[in-house]
Structures are given as C-alpha cells and as structure tokens.
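Take a look at the structures listed below.
In the two complexes below, subunit A is the common chain; its partner is subunit B in one and subunit C in the other.
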Partner chain A sequence: MIGKGKAGAFAAGCLGLIVFVSLCAPWISPYDPNQIDMSNRLMSLSAAHWMGTDQLGRDVYSRILYGGRVSLLLSGVATVSTLLVGFCIGVLGGYFRGKVDTCLQTIVHIFQGVPGLTMMLAIVGVLGPSLKSLFLAIVLTSWADFSRVVRGEVMKIQVEPYIEGTRVLGASAFYIMIVHIIPSIAGTVLVLLTIRMSRTLLMIASLSFLGLGVQPPTPDWSVMLNDARPFLRTQPHLMLAPGICITAVSLSFQIIGDTLRDRLDPKRMQRVEDIA
Partner chain B sequence: MLQVHNVSKYIEYGLVRKRKKAIVNNTSFSIQAGETFGLIGESGSGKTTLSRMAIGLLRPDEGAVEFAGYDLYSASRGDSKLLRQKMQMIFQHPDTACNPRKTLLQSIMEPFVLHPTLRKGDDHEQIEEVMNMVGLQPELLRRYPYQVSGGQIQRIVLARALLMNPEFIVLDEPTSMLDVSVQAQILRLLKHIQKQRKMTYLFISHDLDVVNWMSDRVAVMKDGEIVETGTSNKIMKHPTHPYTQKLVQAFLYTDR
Partner chain C sequence: MTGRQKLIGSICTLLGASLLAFVLGVIAPGDPALEVLSMNGLNEPTEAEIAAKREELGLNLPIWKQYMHWLGMVLQGDLGVSYITQQSVSAELIQRLPITLSLACGALAFAIGFGIPGGIILAMFHNRWIDYAGRAWITIWTAFPSFLNAILFIIAFSEVLHWLPTSGYGTWQHFIMPSIVLGLGTSAVLMRLTRAAVLDILPQQYIVTARAKGIHMFILMLRHVLLNAFIPLITVIGNYFGGILGGAVIAEVIFSLPGIGRFAVEGIFRRDYPVMQGYVLFMACVYVLFNTVVDILYGLIHPQLRRSEVLK
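And now, the complex of A and B:
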C-alpha cells in the first residue's frame, strides 16, 4: 500500500510538471516551435538545441514543450464531456428503470456494438479532420461505457435500505438523487475519469498519428511522432522524445486512477478498472 | 384506519413465454387505530411486499389501499405528501438503515429538510426530545453509522420516524438482526412509545414468539396469501388452518 501511495504521488507530480510546462510553454521554450531553419535540419543533441532539430530544422525541445497543449486540453475537455453525457444517462436509466431504462439501454447497446476505432474514423472521415470532429468522435465512442458503469452503480446504491428509508420520509426522486445517490457514486466516477483520461489521450494520439487528428504544423506529440517516422534509424530521438511524453502522461493518469481506487474504496471499485 | 383491499403483485419471468407468478395474491386485511397487527410467515411468503404496498412504497398490480379515508395510490400530490408523513417504516437491516457517508445527525435531520412544517422552533430541542424517548444520548448523533451498534441505529431510525409525527408505523422485522437482549429492549421500547403516542403498528416477523407478544391480532401468511387471521391468543391456542397448526407446533417443539 505504501509503495502504491508513493507511485501515485510520483505520477501526480509527473503529470503536474507536464501540465505546468505545457501551460508555460510560451515563456520557457527557447525557440518558436514553428520556426523553420533549413540550414540546421536533423541536428543531433547539442547545447543550442537540447533535443536536436527535426527535418525542417525546428527545435524539438520547444516543440515538446508546446506539444502537450492540444492533446491534454482536448483529452480533458472530451473526457469530462463524455463523463457528463454518460453520467446523466446512466443516472436516469439506473434510477427510473422500466421504459426509460429500456430506451436508453437500447441506444447504449447500439453505440457499444460499433467498434470504437471504426466509428471514430467514420466520424472524422465525414466531418473532416478538425478538433471539433475529433472531440465529437471521442465523446460518441466513449459515453456508452461510462453510462453503463454509472447505471450499475446507481442500481446498486438504489436498493440500499437507506434509500428506501428516505423515500418513506417523503423524499422526491430528485432529492434522493442529489443528496444520496450522486455523492455515493462520486468516488467511482472520479476513478473512472482519471483512467479514461489516459485512454482518451491515446485515442487522440492514434488518430493524429493516422493523420486524422491534430493537423501539422501544430506542434503536437503525436504529430511529431508521425513526422519522425522516416528518420527512425538515423535520428531515433525525434521519435523517442514525444513517445516518452505520451507514455508518461498516459501512465500517470493510469497510476493516479489506480491509487484513487485503492484509497477511496478497495473492494467496491475493483470492477471499474475492468470496464474502463 | 388502514384497509387493504384485494391487492396483488406479480412478477413476470420466462425467456420465451412470459409467465406470471403472484408474490401477493388477492389479499385483504384491515388494521384498527391503536392496535398492533402482526404479520407472520416464512421467508418468501410475501410479507415485505405486502407491507410495502400497504404503506405506499410499491404500487399494487391490482387492488387498492385506503388509509384514513384516502386512497393511497390515487391521492393528489398534496395529500400524498401528508399521508407520507403519517405512515413510517422501520426496516430490517440496521447496518444499512442510514447513509454511511453522512453523520447520524444529518440522517436524523432529514425529516426537517423534507417537511419544513415539522419544525417547531428549535431543531435541537425536538431532536433531543425524540432521542430521550428512545433512550439515547443526543451526542451519539455526531458519529457515523458504522461507529454505533445495530440496536442504537434502530433506535435512531425510530427516533427519526417519531420526528415525522406518524400515526402508523410498519415494523419490518426490526429486531431480527439484533441479539436477544437488545431485541427485548427494542420491543419493550416500541410498546412503550405506542402507548405514549397512541400509534398503530403493522409488525412483521417470522418469530412467532415475538409476534405473539407484540400483537393484538395476527395474520398468518403463506405463498402470497393470508391464510388465517385472529387475535394472537386464538392463533396460538386454537389455530385452524393446517399451516398455522404446523407453525405453532414447530414453534412449541423448538423453543420449549
């Protein structure tokens, strides 16, 4: 347990640092990330360029500093939006059961039945690659899983005698939901959220890598990864640097989620991880 | 005071062909004001389902429930709110009777939040009064549910029900999860409070001894139907239905 706590703290620190650096990129980066300098292309690590330069002579270190901004922001916004959609639908279905639940579950099943990547490619393909369509693709592919977990949790809490006890006191469905049900599942949702963040980040990275996500010349880790492909043998650091960053963020979220799960309720939350 | 007219509740099951099974089948009974009506039967006989329908928590598929002249399931919004206040229920499991994330004070305050008209000046005075009535220190309310015993929780739930000023309380095996000495205390307390507040009880149990001691009249339930009703004395001494006879017999063998 102590080891896990330390890992969690380390992950949180690591993530905090990356977020801080991304926020402050304009002030700490030594070069303009989009400054092309063809006379200095594909340079190795040096004092002037800590991480060398890419095929257009742009400073890799500056691009790394900037590279998390789009991915992190988008995955944050998209995950929270996914959560909101899934949460509302899950709570409604779980609480009211019956016809409401049947209708909602049918929609959920349809969305869960389509393979995620296929649906994302279809959405981005139809709408054209942009941040908006990327956002839409993420929310539409992930909300269903969320809503199922939330629905399950609500159903589990809802049969607790104290909920019925509150109903006997004359509480409305709305009161029970706000005062009793939502606080009880908040922990589960928080864990789900952090673990999902990591998934979303990887989704964005893979779409960008396929050329359907963040578009060049925006400095972005996944775009850099894609750009560096032809030079893997000669200049491996061009791929390593953004790769390490993506892995670090994704892993940090994962570890934080794990730690939170253990801390909040070791027994009850085990299931969340299996689904997320 | 409470009339239950021919209520039924079904469950549907089956994968291809839907089949119906009655949990409670065409059952009627009535409870007079001020009495304790015992409901006895084995697990799965439909006692809890019947009582939940009687108190307005579960809409019956057929039949009607009338309380103090109002039809429970077709009363107007305002009337239902009033009825809700007059009918309370104590549940079986003390360990889950209060929200584990809230202090007992927060739990016991809920009647005030939900029905502001119940407030009569000082909340704490009112709470102290009901806490004294159930024989607990008000300081106990600072704790969380897992920090107090099952017997104490049941007392607190009872205190909370008393804050609502109910006329009718359903006691769904309130003591079956408690050990015998605590059980006796709670039952005595319930009787005492009933006298003091002139309340009507529907007392559910599978323990013949307890029901007999608590109740004025007893109904015996089997497979979703009430098979026999009578004063507790009559049920114990001269049971007529074969199931009741078996029940009384078994009881006499095991406990005497």
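And now, the complex of A and C:
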C-alpha cells in the first residue's frame, strides 16, 4: 500500500505536535486564555491577535493552544480506564466461559442495549455536567464493546494447541493469562485503543457542544465551538479554528489506528473493524 | 441461536435497560415527592404533605419493590409526569417519536444507499486512484465530528447556495440535511466494510464462473456479489443503528427538529428526570426492536441459517 506508512507517520507527527503545544501552552501562548477585554471583542485576524478575539475579547489563538488540554487528557484517561475495565471483564469471560461468562455477557448485552450517546446524555444529565460525570459516562458506555472484542480474541486464542499444552504441563490460569494470552492480544487492544481515542474525543466534543460536557469558561475547543455558534456568519474563523483542531486530533488517531491495524495483522483485526 | 432464544435475549436486554433507567431516577439528586408537589412553582409543601406524597409514590418501600412498582407502571405506559410541562412523559415522547424515527431512518437509508454501492465501486477499482480517494474519504468521515459537519452543511447548502432550509420542521426538505449529516459517518464505515466483504467475494470461483458465462457486470454485482456481501454487513447494521439513534440528538439540536433527543436535552437542563428516564427507555426499545427485525431479515437472506434451524 503506497503512502500508508507515510500517512501514519504524518498523523503521529501531527498528534505529537498538538500534544506538545498543549503541554507547553502556558509558556507559548501570547495572552491569558481567560483574559476578558470587552473593548477588543470580535476582532478579526491581526498581528496582535493571530486568530482574532471572541465575543468577550479573549485571544482565540491562546485559547486554541490551551484548548486541547482538557479534552485530550480526559479522553486519554477515560479511554485507558475503559480499556482496563473492558479488558479484565473480557479476559475473565473469554477464559473461564461457563457461568461467569454467561453472567458477564448478560451485563454486556444490557449495556449494549442502549445507544451509546443516549446513555452518556442520561448519565451526564443526572449527575450534572462535570469532568467526573463525563469520565463516568464514557467508561460506562464504552466498556462493553471493549470487553466483547477482548473476549472474542481470548476465546479464539485459548483453544490453540500451545495454550492447551501449557495447561497440560500444569500452568495456572493466572500464568497462562499473563504470559500467553495478554501479550498475544496486545496488538488488537492497541489498535482498538487508538481508534477509540478518536471516538471518545468526538463524544466529549459532542457533549460539550450541547453544553453538557466541559464547562465554560474552561478554554476548550468544543466549548469554543459552542460559544462561536451565534457568530457563525460574521466570524466563521471563531468556529473554524477549534473545529480544525478537533478534526485533526480525531483524524490522527484514526489514521494511526488504521496504520497499526494494517501493520500488525489485517486478518485478525476484523472484529476490531466491526466494532470500532 | 434459535428464534426463541433471541426473543428471550431481547426481553432480557429491555428489562436491563429498564433497570438502568430506574437507577438513573434513584441516583438523581433531589426528592421526587418534593419535585412533584412544587411543580407549579407556587406551592411550598409542608413536611406532612411531602411525607404523604412519598407514601403515595411508594418511595418508602424497599428499592426492589420500588422497581417492580415502577416497572408495572411503565408496562402500562405510564412513565410519570414531566416536572416542567406537567404532561404525561409517555404522551410527550410518543408525540415526538415520529420525528426522531424519520430522521434516524433517513440517516440509515442514506448510509446504506451511499455506503454499500460506494464500497462495491471501491472494490471493483481495487488499488486504482478511485480506491485510494475513496479510502481517504472513508477515513475523513469516520473521524469527522458531526456537529462541525452540520455547521459546514448549513453554511454551504443553506446560506451560500440557498438549496435547503437551515432549520425547523414541516416539510421533507427539512429532513435532508440532518439525515445526511447523521448518516455520513455510518455510510463511511459501511463503505469500508462493503469494500472488504466484496474484495473477499470477488476471487471466489463462482464469481469467476459467472463472469466466464458472460453475465452482465451489473447483474453479477447485484445477484452474486451484493447478496453474499450482505451477510456480514447486516449483522453490523444493527449495531450502527445505535450510533445513529444516539447521534440523532445532535442533529435535532442543531437543526431545531422537535424530536425526543432535543426534548431530552431540554429536560436535562431543567433537571426533569422522568423525561430522561423515558428517553433512555424509548431509545432502548427502538434499538432492540430494530435489532430483532434485523435478525429476522438475516434469517431470510441467509438460507443456511434457516435450514439449520429447521433441522433442529
């Protein structure tokens, strides 16, 4: 495949740059992202304000630099936590089968019976919009998918002769899981993780856009998008700048995930493709 | 799985969803009795009134009895009264359901109508420039935030080209943009899956035979390739419908469609918990029902499955 590796490298570079800029935002941003200056509101692009100012006169460029911090950190932490929950439950169900598996699968089915964003909305709605409830909502709505993929992989691997051989030699279930099963599904999990990062980021952004995610005045891309809605016609760059950032991150994760999938083992990744 | 097992599975899922909805009501802050009594914003209920109302609503019962009581009410179609509009929640939701359903069906129709033929075309031109462009297109749309997409559509088709109405509800034109915005992501995923499925089928011997017989390309694609490609596709369409149903909220809010998603978002801002519970239940019902229909369809187009069931 021509250019696939290059696209992956480019995406990784792009993502690295955005993460670096977000980390260094306090040192490189020209203004305080929350500095309100009503005399300079809704300015267009200029040398003083590279990306203009918003409806409260805050510098858009500084807010863009800060804007990835909350979303990126939250989606990272939430996706990894989701992965841990889904991974443990999937491995347990896939390895032990029987009653344990039936119980776990019933719970998984229940959680999959409600559309993801619907459940997120309901959870955030009841707990009130905050980072904590966003985190909870993400983990509760996505662990089931993770666990199903992991369970499928574990079930496929554990009937392989080498696992049976190890078992016959007297290895404990714990040993087999740690030494054989977890390393062999690590690739699938990695692909799932990257593609899910993109999903989680979009979900956080969607909720923030509805006013239920990250709350103003936090300088966050999705909050900026929501703030910019009334000025869509007069100041489209207010919306375009954060929009491009969100899309760039989400796209980078997607491309990295795709590249990894092609590199690792395209045939075995079919299930990941089905779900992610 | 036999039909009966599937049915039992669906019922279990619905019961589970009802449990989730019930738990939402339990963990919601505030006392429902107080909320109901002070609904009109004028009354200042006394302690005795609250206690009496708590008794009436069954809030002093053990939690599992409360659930059974609530479930009984739900099965009779009573989801409680909205704190804000003071109307029956189920009536409010049923009134708005057709809008959400039309939107979701429109989006699904777009996703299937655009994604599946697109995937076939990409597979036919495997590793040619159309395929590369198509794959870039797929990657972009699977990762594109739908709200941003909606805004770009509004700018392009309403404000610049004046082809379609910006927002609101009334004619079928109002559904075009929201459906496309909602269905684009799914169409990209379906395109990728169709492409993969068709690429698996094309080298098969029966395709080579059919081609050797001189069958027209169109008939070949329709009868031999598409029908077989459908089998892996139809199982995932059910899953993706969940994404569409959930995502409908965003399209409804941006395009001001008065569907149940927008009603639920309004409910959230007003802390109207019965509305949220109803929303979760309704969405779960639609989703499970849709998946059951998909399962039946799957049996219809996959004769092997039917035959093995008859043998059982």
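Keep this in mind: the second predicted complex is superposed on the first by the 275 of 276 C-alpha atoms of A that agree within 3 Å, B and C clash if a C-alpha of one lies under 4 Å from a C-alpha of the other, contacts with A are read in each partner's own complex, and residues count from 1 in each chain.
The criterion applied here is as follows: contacts are C-beta pairs under 8 Å (C-beta built on N, C-alpha and C of every residue); 3 or more make two chains touch, one makes a residue touch a chain.
A quick note: this is a predicted structure, and the numbers were derived from the prediction, not measured.
K.L.:
Classify the contacts of A:H109 with the two partner chains as first (subunit B alone), second (subunit C alone), both, or neither.
P.N.:
In the superposed model, A:H109 contacts subunit C only, not subunit B.
K.L.:
Taking the superposition on A as described, I'd like to know which of subunit B and subunit C A:S198 touches: first, second, both or neither.
P.N.:
After superposing on A, A:S198 lies in contact with subunit C but is clear of subunit B.
K.L.:
Specify the partner with more touching residues on subunit A, choosing between subunit B and subunit C.
P.N.:
C
K.L.:
Scan A:P183 for contacts with subunit B and subunit C and give back first, second, both or neither.
P.N.:
first
K.L.:
In the overlaid three-chain picture, which partner chain does A:T247 touch, first (subunit B) or second (subunit C), both, or neither?
P.N.:
Second partner only.
K.L.:
Go through the superposed model and pick first if A:L169 touches only subunit B, second if only subunit C, both, or neither.
P.N.:
In the superposition, A:L169 touches subunit B alone.
K.L.:
Tell me which partner A:V126 touches in the superposition: subunit B (first), subunit C (second), both or neither.
P.N.:
second
K.L.:
Between subunit B and subunit C, whom does A:M239 touch in the aligned arrangement: first, second, both, or neither?
P.N.:
second
K.L.:
Tell me which partner A:P161 touches in the superposition: subunit B (first), subunit C (second), both or neither.
P.N.:
Only subunit B; A:P161 stays clear of subunit C.
K.L.:
In the superposed arrangement, what residues of subunit A touch both subunit B and subunit C?
P.N.:
none
K.L.:
Okay, in this complex, where on subunit A does subunit C touch?
P.N.:
Residue list for subunit A touching subunit C: 2, 106-107, 109-128, 198, 202, 205-206, 209-212, 225, 229, 232-233, 236, 239, 243, 246-247, 250-251, 253-255, 258, 270, 273-275.
K.L.:
Which residues of subunit A touch subunit B in their complex?
P.N.:
Within the complex, subunit A touches subunit B at residues 160-162, 164-171, 175, 180, 183-184.
K.L.:
So in the complex, which bits of subunit B are touching subunit A?
P.N.:
55, 57, 81, 84-85, 87-89, 91-93, 96-101, 107, 110-111, 114-115, 157, 160, 164
K.L.:
Within their complex, state which residues of subunit C touch subunit A.
P.N.:
For this pair, the touching residues of subunit C are 9, 12-14, 16-17, 19-21, 24, 27-29, 132, 139-140, 142-148, 151, 154-155, 159, 192-193, 196, 236, 239, 242-243, 245-247, 249-250, 253, 261, 264-265, 267-269, 273, 276-277, 279-280, 283-284, 287-288.
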